[in-house]
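A quick write-up on the structure given underneath.
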Amino acid sequence: MATARQIGEVIIDLRNISLRFGGVKALTDISFDVREHEIRAIIGPNGAGKSSMLNVINGVYRPQEGEIVLRGRHHRDMNTHAAARAGIARTFQNIALFRGMTVLDNIMTGRNLKMKSSFLLQALYWGPAQREELAHRRKVEEIIDFLEIEHIRKTPVGRLPYGLQKRVELGRALAAEPSILLLDEPMAGMNVEEKQDMCRFILDVNDQLGTTIVLIEHDMGVVMDISDRVVVLDYGRTIADGTPDEVRGNQDVIDAYLGVAH
Amino acid sequence: MLYREAGQFKATYVEDSQIFPIRQDKVGMALILVVAFAGIPLLSLTGLMTDYFFTAILTPFLIFALATLGLNILTGYAGQLSLGTAAFMAVGAFASYNFILRVDGMPILAAFALGGLCAAAVGIVFGLPSMRVRGFYLAAATLATQFFVVWILTKIGWFTNYSSSGVITAQKIEMFGYTFDSALSKYLFVLAIVALLALLAKNMVRSNVGRSWMAIRDMDMAAEVIGFRPLRTKLLAFAVSSFYCGVAGALFAYAYLGTVEPEGFSLDLSFRILFMVIIGGVGSILGSFFGAAFIVLVPIGLNILTGFLENSAGISLPSGISSSIELMVFGAMIIFFLIVEPHGLARLWQIGKEKLRLWPFPH
Amino acid sequence: MPDTPRQPPLATFPRLLLQHAKVRPHHPAIREKDLGIWQTWSWSQAAEEVRALAAGLAEMGFRRGDNLAIIGDNRPRLYWAMFAAQCLGGVPVPMYQDAIAAEMVFVLQDAGIRFAIAEDQEQVDKLLENKAQCPELTHILYDDPRGLRHYDQPFLRSLDEAQEAGRARNRDEPGFLDGEIDKGRADDIAVMLYTSGTTGKPKGVCLTHDAFIAAARSGCEFDRLGPGDSILSYLPMAWVGDHLFSFAQATYAGFTINCPESGDTVMTDMREIGPTYYFAPPRVFENLLTQVMIRMEDAGALKRRMFHYFMEVARRCGAEILDGKPVGGLARLRYALGNLLVYGPLRNVLGMSRIRVAYTAGAAIGPDLFRFYRSIGVNLKQLYGSTETCATVCLQPDGQIKLDTVGPPLPGIEVRIDGSGEVLVRGPVMLKEYYKRPDATAEVIDAEGFFHTGDAGYFDEDGHLKIIDRAKDVGKLANGAMFAPNYIENKLKFFPHVKEAVCFGHDRDQVCAFINIDMDAVGNWAERRNITYSGYTDLAQKAEVYELIRDCVEQSNAELARDPMIADSQVHRFLVLHKELDPDDDELTRTRKVRRGFIAQKYAVLVDALYSEKTSQFIETEVKFEDGRKGKVAAELRILAARTFPAAAAQQAA
Amino acid sequence: MQFFLEVLIGGLLSGVMYSLVALGFVLIYKASGVFNFAQGAMVFFAALTTVGLVDMGMPLWLAALLTMAAMVLLGLLTEKFVLRPLVAQHEITLFMATIGLTFFVEGLAQAIWGANVRALDLGIEDVPLEWMLENANMAISQFDLIASAIAAVLVTALAVFFTRTRIGRALRAVADDHQAALSVGIPLHHIWAIVWAVAGFLALVAGLLWGARNGVQFALTFVVLKALPVLILGGFTSVPGAIVGGLIIGASEKLAEVYIGPHFGGGIEGWFPYVLALLFLIVRPEGLFGEKIIRRI
């Protein structure tokens, strides 16, 4: 498929990030950047620090050293709320849906930052509050339509199979209309068909909405297929960074990752 | 079986997001309201219902349901366990008392609302630890509220208008020149307030604020990442919950007991309301009513049973045994529900309803 | 309902549409489940959409006499596209949306399609695949833009774009479209429907406004359909039934059509909408009943007993009560109780609560199946017609329902049985011609103007038509007795465990059959008995399954033995096929009719084995998967003999 | 200064008692992840049963022994009918179940023995220690001292039991990782049964000591409320935390009552420990000796 999206300027620049938990070094002096509209993959063996990296980007973890440059603004570290406001949404490695709520409500939560009605108006469910609620409902329905999950709209997410939960979680992230989407192993534990669907959704999001995507994924085939650039971590350090082809040919990567783990 | 839903399609989001999207539910709710507001009063005018029904069953049921609703918002929806419900009720009761006592011409409803707001303020203060702690650390923290509030109401005479015994007598409920002094009128007064607040609560839980509570409850980290502010969300839950409990406390004093003392709002009362939440259904507005009805009716049922045993069967029971048995029954019921149906009577109702909707199919 | 539909002003569908827009502008014309709710367009809104679309098409060069291909699921805009083509004096040609690309070429070429409207990316892709072979195809319009953003072919446009252009045109030139609509005449071709082609290449059946409006009027008056009715439009738009019920009748009477969200959600959508008017081919009713029975199996013992008790009550008197026949007071009371506890709720979960009238046609329906629906209070009727007669020949009147006939001819329709037993039809609803096929037209319309249906049948004593089979399929056994394979197959297919059956017997001394088991029903049955299986092929060859099927075959034999005319057609030997018969493998038509000749040829080795003494036969078959890949299925098929009954003995037993 | 010391020592002595009760919580929490709110009811049940048996004419030692058996039985039944069906549930659910258990046990105790206040005589007089009174001019209760000694011995014994014995180590393993505990070779149910029995024993001792001091009455159930702030302070999983926490709470509560209380009309003992614990929580949510929790997602 021809692509019309233009990869733009650097949108996130991570500089010399180091992160420790007590005495354990999770990330050591990691630097890489993410350009606007690209699909950027982070790969590496288990425990390489991939999830920690995402957690640093959206402020769940605060690195001890380094800085994060987001759209040209320098941050010592991020905080989750500011990250969400800055248009960063994400999914989690172990699905972090709100299990007691329906698919619809879960995705609706993704729009919370766009909802302005006062608490009292909500309690009255009246006028602007109701209009706002229903306008967002429509937006959410479009996401439901996009992800082809119409039939489970009113099902509590706890009852859904794994693959669908992953899809709902993507929906919740998309509901925020993010400019940057962090996906932590979006295809883990899926069968081939589910993976294909998920790939299609990711590509569609990237392509149709221009969303920048940072992606952690284990399935090398998928990573090489869909990403524009790949950064490889091992033991909390960067060992390679480049296009899929460059990375594939990198001897360190072959040694540390491809040759050993898989 | 009773549900005949074919043809009840929704052409707009307004229709689709109604509280009762199914016509049969709507009709059922309307019937309940008609019975509650008109049927029961008419029945009492014919003399078929004595004051006992109002003073011992219906009014306390409604008041407890309101308090349960309050606790359910905090514990069921926002996931913050609280053992200080009675304290918030006490704040509501004593604040209302003082507003009426000290402000000339204070309308009773305004006093109740202000009482609720005072409770909400106290709730926010004692909800602050939720910023750092969770689970039963938080539950333990709310116990502090319980002890502190009761202590301060007892120790500072101003609150009880320097009553030597600490007991206050609630003023009459007067509105527009009408005095609600009959059992029936008090029942209707309580019913109107409870119905209104229940509607507001339902609206909250189906809006963004309700979703924020449930999000924090279900997965606080994810809630934070998508932009909910945990502390603000939790404190709002504390405030709303305490407001409901505060109003319930005021009604408890004004429409139910008439005279109250701080010790009346004991830890035991807090526990009872927690039981109502558990048995009724954690995270369910409807369940709050079920739970309150259950806990109000069980002792009455037990009394009837022991009375029957003593009078008819001639078994004489030691004095005080019925309160002990009541404790045991409550305890056993809680454990039973937690094991068998942790979502309480509301879930049973839900299951039954689903069965009826799919009848004759089993699933 | 229009006052005087024969008047020229209402002689075409676009004029009927405009009339509704004037008379009942706010009445819902069409609904579609989309984005979670039933999006609704009133008649005036629908008319506006049509006007925009028509003017847009004109703007793009669509001319009088052009054919407009329409491919997709039932979508409001695709229905509007039909009106739009008609407004401009063009002819809509709806095509089967599940056809694979290669199957579409013929119609695109035959109809000389220049303009095609596709629902979505999937259909666009199929059209693009065929583009090289159809040089005339110069405009493709699509409804749903999803996935089409990077398709940069200049001839590919969205319907939104077309409507935008159309709205501009209508603004600039207000009289243009009305002028075009005025040019439309009653005997213009309103629609061209391709026959499914049980044999040979499909033929385009040209049907005029006059014919279809006559058909619509006839049906609407017969069952008193009015604007208050509503129907679920879920059957292929290329099929004459959908065109009659959803397009022609709705446009005539002004009732509401409802498009489901997708093919998978028809059941739920049906329940939500609760249509008052319903059509389904027998297999849909059959599947529904199978589902009902399977789901009831899982119910508790008490509920199951209650269900069966009341089903028995309904079987005894339900149909009679519906027909208004005299029934005893106690039976009525029992039925009323059953209605409260079982039938009412059942109709409700099936979405049939509000149905005033439901039709079935397209194939014979099993009498028990038919009776089941009537007995639970669904006014199900049989209808007879074909594409060439706008699906309008016979219809069962209320109160005169017979299980094995299709009712008397509709008013204005003449039906005659010729010497060979073939059913001939004459009336206003007939086709004008087969597109570009005068030879074929001459073949089916005789000098007296009768259309030869190709069906064999006869009138019973009450003047109701009884259809036995396709005229050409009716054969003779070696002993000269009549052999109507369809009739036997339908009997077998009524058993929930049997999905398809194919019978052989022409010029043979006995009848033998291939059986396809119903995967859902038999799978469920097997699980209950802890029979493990790895898939369809494995399950089909289980000894227990064979015994189950043998039981079905023998029951059907016992019934056949009762009718001396067909008692010789009892099935002597049968086998259970190792794969499901599939339209993708050309074994079934798109309307799921068995292609008996093709199957006999493809599985000749099996047929031979049936007529030999063999008790098993090895077979290997190539199959096409959904994604177009091919594979092989091989199995050793067992052959079993079934008990048959002497005609007399069976009568004694009964 | 002397008065201050007197109050401090008195506080520390009652603090040891708090530790004793808190230890019962820690024990059960460590082994089964249950915050056993019913510990207070168990104390009440134990004391009431002993007194009841003594009143029936039994010698104290026999009554205590029989009560011990009853406590073990109660523990086993609780394990079987409450905890086992709720295994793998959220800890808040378990906590609420123990509130239910509290009601049940309180009701049971009163149903059997009645609701009257009874006196229990252990043969230790609650009089100021003469030696201290003479030499240091401080009124230190002899009873408190002996009770504290008993409690201290018990606490020490348990600490040793936890760190030195095989079962003790297995118990700790259970708290960390159920799988690991299984690999030690001790069935989980046995471990829980042992823990509940030990907790029952602690309840018995606490019940006797507190009951003898303040009378055996319903208020005994409130010792649970004294133990809670101790746990918050010390951490739910820490044995030393329970000990140190108990001492801190005991001492500070008495000092606050004496030095701050009068300004507020007294009676601040009821909530002061909570407020202290809460303030502490905000600074250090995991408690004095608790492990820092890293929230992983």
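Here are a few things to note about the model shown:
Per-chain numbering from 1; labels A, B, C and D assigned in written order.
Operating definition for what follows: a residue touches a chain if its C-beta (ideal position, glycine included) is under 8 Å from a C-beta of that chain, and two chains touch if they have at least 3 such contacts.
Every value quoted in this text rests on a predicted model; they were computed, and no experiment measured them.
Number of steps on the shortest path from chain A to chain B, with steps defined by chain touch: 1.
No other two chains have as many C-beta pairs in contact as B-D. The greatest centre-to-centre distance from chain C, using averaged C-alpha positions, is reached by D.
Rounded to a whole number, the gap between the C-alpha centres of chain A and chain C is 47 angstrom. Our note on geometry: chain B versus chain D, Cα centroid distance of 33 Å, whole angstroms. For the pair chain B and chain C, the distance between mean C-alpha positions equals 57 Å.
For chain B, residues that reach two or more other chains under the stated contact definition are 13, 221-222.
For chain C, residues that reach two or more other chains under the stated contact definition are 36-37. Those residues of chain D in touch with two or more other chains are numbered 297. Only residues 13-14, 17, 200-201, 203-204, 206-209, 211-212, 214-215, 217-219, 221-229, 236, 283 of chain B touch chain A when the two sit together in their complex.
Note for the complex: chain A touches chain B at residues 58, 60, 80-81, 83-85, 89-90, 92, 96-101, 105, 108-110, 112-113, 115, 117, 119, 122-125, 129-130, 133-134, 137-138, 172-173, 176. On chain B, the positions that touch chain D within their shared complex are 81, 128-129, 131-133, 135-137, 139-141, 143-144, 147-148, 151, 154-156, 221-222, 267, 271, 274-275, 278, 318, 320-321, 323-335, 338-339, 342.
By the touch criterion given at the top, residues 1, 3-13, 15-16, 358-363 of chain B touch chain C in their complex. Those residues of chain D lying in contact with chain B across their complex are 35, 81-82, 85-86, 89, 91-93, 95-97, 99-108, 110-111, 114-115, 225, 228-229, 231-232, 264-268, 270-271, 274-275, 277-278, 281-282, 285, 295, 297.
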